[in-house]
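Take this structure first; my questions come after.
A, B, C, D, E and F label the chains in the order they appear, each numbered from 1.
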Amino acid sequence: MRILVVNANTSDIVTEKVAAQARASASPGTEIVAVTGTFGARVIGTRAEQAIGEHSALALVAKHATGCDAVVIAVSYDTGVRAARELLPVPVIGMTEAGLLTACMLGGRIGIVTFGRRVRPLYQELVTSYGLDARIAGWRTLESTAAYQRGAHDALDRELIDAANDLVERDGAETVVLTGAVMAGVPARLQAQVPVPLVDCIACAVRQAELLHHLGCPKPSVGSYAAPAGRELIAVDEAIAAAFANAGKT
Amino acid sequence: MRILVVNANTSDIVTEKVAAQARASASPGTEIVAVTGTFGARVIGTRAEQAIGEHSALALVAKHATGCDAVVIAVSYDTGVRAARELLPVPVIGMTEAGLLTACMLGGRIGIVTFGRRVRPLYQELVTSYGLDARIAGWRTLESTAAYQRGAHDALDRELIDAANDLVERDGAETVVLTGAVMAGVPARLQAQVPVPLVDCIACAVRQAELLHHLGCPKPSVGSYAAPAGRELIAVDEAIAAAFANAGKT
Amino acid sequence: MRILVVNANTSDIVTEKVAAQARASASPGTEIVAVTGTFGARVIGTRAEQAIGEHSALALVAKHATGCDAVVIAVSYDTGVRAARELLPVPVIGMTEAGLLTACMLGGRIGIVTFGRRVRPLYQELVTSYGLDARIAGWRTLESTAAYQRGAHDALDRELIDAANDLVERDGAETVVLTGAVMAGVPARLQAQVPVPLVDCIACAVRQAELLHHLGCPKPSVGSYAAPAGRELIAVDEAIAAAFANAGKT
Amino acid sequence: MRILVVNANTSDIVTEKVAAQARASASPGTEIVAVTGTFGARVIGTRAEQAIGEHSALALVAKHATGCDAVVIAVSYDTGVRAARELLPVPVIGMTEAGLLTACMLGGRIGIVTFGRRVRPLYQELVTSYGLDARIAGWRTLESTAAYQRGAHDALDRELIDAANDLVERDGAETVVLTGAVMAGVPARLQAQVPVPLVDCIACAVRQAELLHHLGCPKPSVGSYAAPAGRELIAVDEAIAAAFANAGKT
Amino acid sequence: MRILVVNANTSDIVTEKVAAQARASASPGTEIVAVTGTFGARVIGTRAEQAIGEHSALALVAKHATGCDAVVIAVSYDTGVRAARELLPVPVIGMTEAGLLTACMLGGRIGIVTFGRRVRPLYQELVTSYGLDARIAGWRTLESTAAYQRGAHDALDRELIDAANDLVERDGAETVVLTGAVMAGVPARLQAQVPVPLVDCIACAVRQAELLHHLGCPKPSVGSYAAPAGRELIAVDEAIAAAFANAGKT
Amino acid sequence: MRILVVNANTSDIVTEKVAAQARASASPGTEIVAVTGTFGARVIGTRAEQAIGEHSALALVAKHATGCDAVVIAVSYDTGVRAARELLPVPVIGMTEAGLLTACMLGGRIGIVTFGRRVRPLYQELVTSYGLDARIAGWRTLESTAAYQRGAHDALDRELIDAANDLVERDGAETVVLTGAVMAGVPARLQAQVPVPLVDCIACAVRQAELLHHLGCPKPSVGSYAAPAGRELIAVDEAIAAAFANAGKT
């Protein structure tokens, strides 16, 4: 099967990291196609950028999803996940959504590590929107941007380990989710230094995308995720126009 | 003062209705500037269209908010409200948000009338995102599209009255909010036939925008609504680029 | 228009402070009539005093609301707000209710500063009763009573600034509400030292009272806020008896 | 021991019914002293009357609680329960609070039968204030006032049985609480016709008052239920003044 | 009346402590019969042991409840309470359930002291299962196992007092519940050093069991607590088989 | 990999159905080992049976999990899932838990179909225990036991289709979960007649078990799911004793 990994940021560095981890996490035989946003923020980090990013994610899936069996949203605000899920005939899953729901299956309350106090409310709103508030043990927010640079980042690693352990010790977290697409692959590297599972959202998202594909549930034909057939839009890019035009046709 | 009324739909009919009601509702001396979306859905009615609409609303405020003292989002999903609130130096309020919070001040639980089963989940998610689930008495959803045609719509009026009364009688609603920008002005017309206040979201939003302006609270300089200064975006329209470039400069 | 500002405490000092701030906050042309309780606690600060205060607030509005277009409850427990809202034909709003709901329109989670650990549970119960728990970022409680003395209170100002900043930094508050009628006017004075909006409950309440008056929603004729017509009471004061006798007559 | 049963209504009929059931429910050796309100509504049935009733309940306990070991609030809005609990050195329990918490011990979700649509919101707010929303299976509201007349009321009995059975069948209630002081004694009479326990709030309250007395927990010396010592009130009745003056003295 | 006190742990030391406190707490004339588990953990302290303990508790009540008027579950996870409540014709109450619901009647939010971080999630899940999350002020968890040894434990007493006071001071607890069967009797001893009521779960459970017995509510004949009549089980112990065989027969 | 499918019921018919569907759902190369309870209810359908079943499930995994890479609990109350997850070194997932969390990834609110009003509270408690109340659109409960007979059951199929469609139409469900191990395979057969995805819990559980195995998260070494090392139990069956003895040893 083929999974489209959508990074609505307009910088390649995260796409590469994510694609590598996606490939490492996927089942044998799963092909990963990773695409990067063509307009909007280099790295989405504000509400206004997130609004543009939702459109950008939609444009990306409209252009690239044909021939793919599932889509993974690889921005940790799950940018565009609901819109893309509605528009496309294949399963779409957000990386944070996948990480959190998979963590639920490990049992107990979840600690969450986010980056940047400015955007922590966005993550909190995301968790609320998934109805998962009751599953959260606590939050830790780091300000480091080291993960966006290439190469090792030992200081950040130490901060991550400390944050995770503090969530375990003080908040009783029984799993810890590291949010952020740049965290792809990091949980495996740091796992030995944390006594509860560290969840890798990209790994979860790729595997859950495979799972949803294999389950083979049909696209709903009614409700808010049914194909948006017969809609009228103007001045949207060609791929989006085509996706709407084809929506609901089998 | 001057209020920008933002309709991210790409059809004028609703803008006209809304602008008229906004002018009728405003204080003497308040000027209403109403703008219509330039790309996206004629009438936003799906999740994918909503995602495009958020971008569209942002483009509209970026282009037209200069010289305005407050912004009203005149699409009933409050399309783009959080993004615009972050980007702009002036208060931004959503019409549904304003209607619900004003209804809270009237006391008791709120009945909500929405249009179209397909989008009811979007309204439910909106209410949850405002933390107002505990204030809702019940929901009724009508399928009529008559409100988008010009002229009287007696059958729809009857449906609205019945829905409101049913919310009062069976669900114990103590106020009723009619969602939908096309409902601007309708509550006043039908009020006599409903025994509890019918809330007009556009009237509430215009008045709350005035109120927020007069309160004079400063723009926060930290947190998720601080101006997004020093951000890097590519390939966005000129007005958005300029708004980001100016963000945080006084 | 004329707004009745109701202080069910039986000491004038707070009434004066509140009335001054109410006048400063009101629109041109709004007249403020402020009244003080005639029985009960000097300053309501316990549950038993609050129970007496509810009756006192009702007696005040029964006596003084005639000729007023709206009522502001100027005790921060919103003492008597629901009872007065039911009894009177005009809008009634509590100062804390107004502050919290207005803060919601500024976006994000709200930090709350209260005075006196003993009464903090009353504020928590109030927030719960408004269905707003999900909007609260955190609480800070000060023990100072300096605000009840005339003159400057620099030490308290410093405590308030510290509490507000701590709510922002540690709890992620995006606005801060200072409860307490004696805080009227303080937010404006301290705003420059706090990076998020400081909400003045009296200013909000006065402006929201104006707004509700101008919206012109009718008194409900059914439900728990309908006029209590045809009721039988004994041994209540003349004004209350008259208000009940007139309830529901237009 | 001696239990004070407080009816803040100003009509004797309910007091008599309640006192009889209280005596029937009490342990051997428990003396029941029942008192009736001296000011306010004949039968509390509105928010404004409830506000007056809270004061009335406080006046009653201030005058009559001396020499009593516990207090039962015998108005089904638990009128004044929190204020009296604070003021008095002995346990105070509301009849509805007692009925609901006792029902919790029987297991499963609770169905609630109330009287009068107008006041149903007051009961809902009461349940929320006790933090028990999650335990409620459903609500039924009857409009009959027959219970206030002396003599049998077969039609009402039939309505009650139907409401209770409907709560069991459609809402999955595993116990049913009949609210309303006039319902004292009714559950025992109708129990045979309902397949789940019918809870008698007065019986529960009397027994819980005994239990709390025998447990012997001390009055808290801090917090919102500590004795309101050193307070300053004016123009309150003699008994209340004396109770405040004695508060906190042992 | 006779109360069966069920300790599904397989060690006598806690049974003895609990039985002594149960006798000390009971009304005159109440006989306490205390039994100890015959299989499973010495002291239940893990999820797997709790699962075995539920079966063990059921086996104990099946064997010993005949002739008893009520059952108290004397393991602080309320091990087996729902199963036993269903199987038996008499009231069954858990010690922690009783402590929490009784604490609710004292007013305000509850602080909880538990033993062992490993099992704190079990207590949190228990509180959630009772629908009481909104009543909890905070948690403190001690690691001491001293309470399982005979004799005085001054160091633990000091830890308990500190934890309780900290709950009062920092979390605003208005009562404190000490969980753990081995805490039976401890609250009375330490009460003088804590300014809010310390709740003894065993004392509450015994008294509530008496109360439920005297209320005389019938066993439900429908729903999840109806007697499990006509069921087919294999290879269960004789007492359980007999209890099922007799279930629903009067 | 090898998955142990645990049916704590003591009748083979469900085991066979479930095993067949598990094999049909699994990836190529996954071996399914299905085991049936050796003591307790033929078909768990009451709280007391569920308590015995938890022990039974634990005994089954203790005996059969060696050599397996993951465990699926194939009783729809997820009987024993938390206990087994703690005891074993491999992932353990409940069928209903898997169905619900997978349904979350499809988007929107979930409708749930259960069998038997008597046990519906158990499912509701299960959903609450997973923190998923906010994701549930509604419930329907069927009384048919036809699914336990071999052969086609057209009448039940019709009931299932009607219940699912009713959940979609009246409650706005966007996916529908059919609970009950006997429903394994049914969703695929009926899917064409329902316009939203019908979720097969066994299929989800098997695939999620594979996913969790491949993710390779370590067993936590602290918290409530850490291996229960160094515990002391008596009179438990050999396999359980051995599992405890080995717990925490690698």
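Going forward, contacts are C-beta pairs under 8 Å (C-beta built on N, C-alpha and C of every residue); 3 or more make two chains touch, one makes a residue touch a chain.
Given the structure is predicted, the values throughout are model-derived calculations rather than measurements.
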Intersection of contact partners for chain B and chain C: A, D
Between A-E and E-F, the pair joined by more C-beta contacts: E-F
Whole-Å gap between the CA centroids of chain C and chain E: 44
Whole-Å gap separating chain C and chain F, where each centre is the average of the chain's CA atoms: 52
Contacts with two or more other chains, residues of chain C listed in rising order: 82, 85, 108, 117, 120-121, 128, 134, 172, 174, 222-226
Listing of all chain pairs that touch each other, if any do: A-B, A-C, A-E, A-F, B-C, B-D, B-F, C-D, C-E, D-E, D-F, E-F
Residue ranges of chain B in contact with chain C within the complex: 27, 82, 85, 91, 93, 97-98, 101-102, 104-108, 130-135, 168, 172, 174-175, 191, 195-200, 203-204, 207-208, 210-212, 214-215, 217-218, 220-226
Interfacial residue positions of chain A with respect to chain E in the complex: 108-109, 134, 172, 174
Chain B residues touching chain A - in the complex, by the definition given at the top: 10, 38-43, 45-52, 54-55, 57-58, 80, 82-87, 117-122, 125, 128-129, 222-226, 228, 231-236, 240, 244
Interface residues, chain F side, partner chain D - complex: 117, 120-121, 128
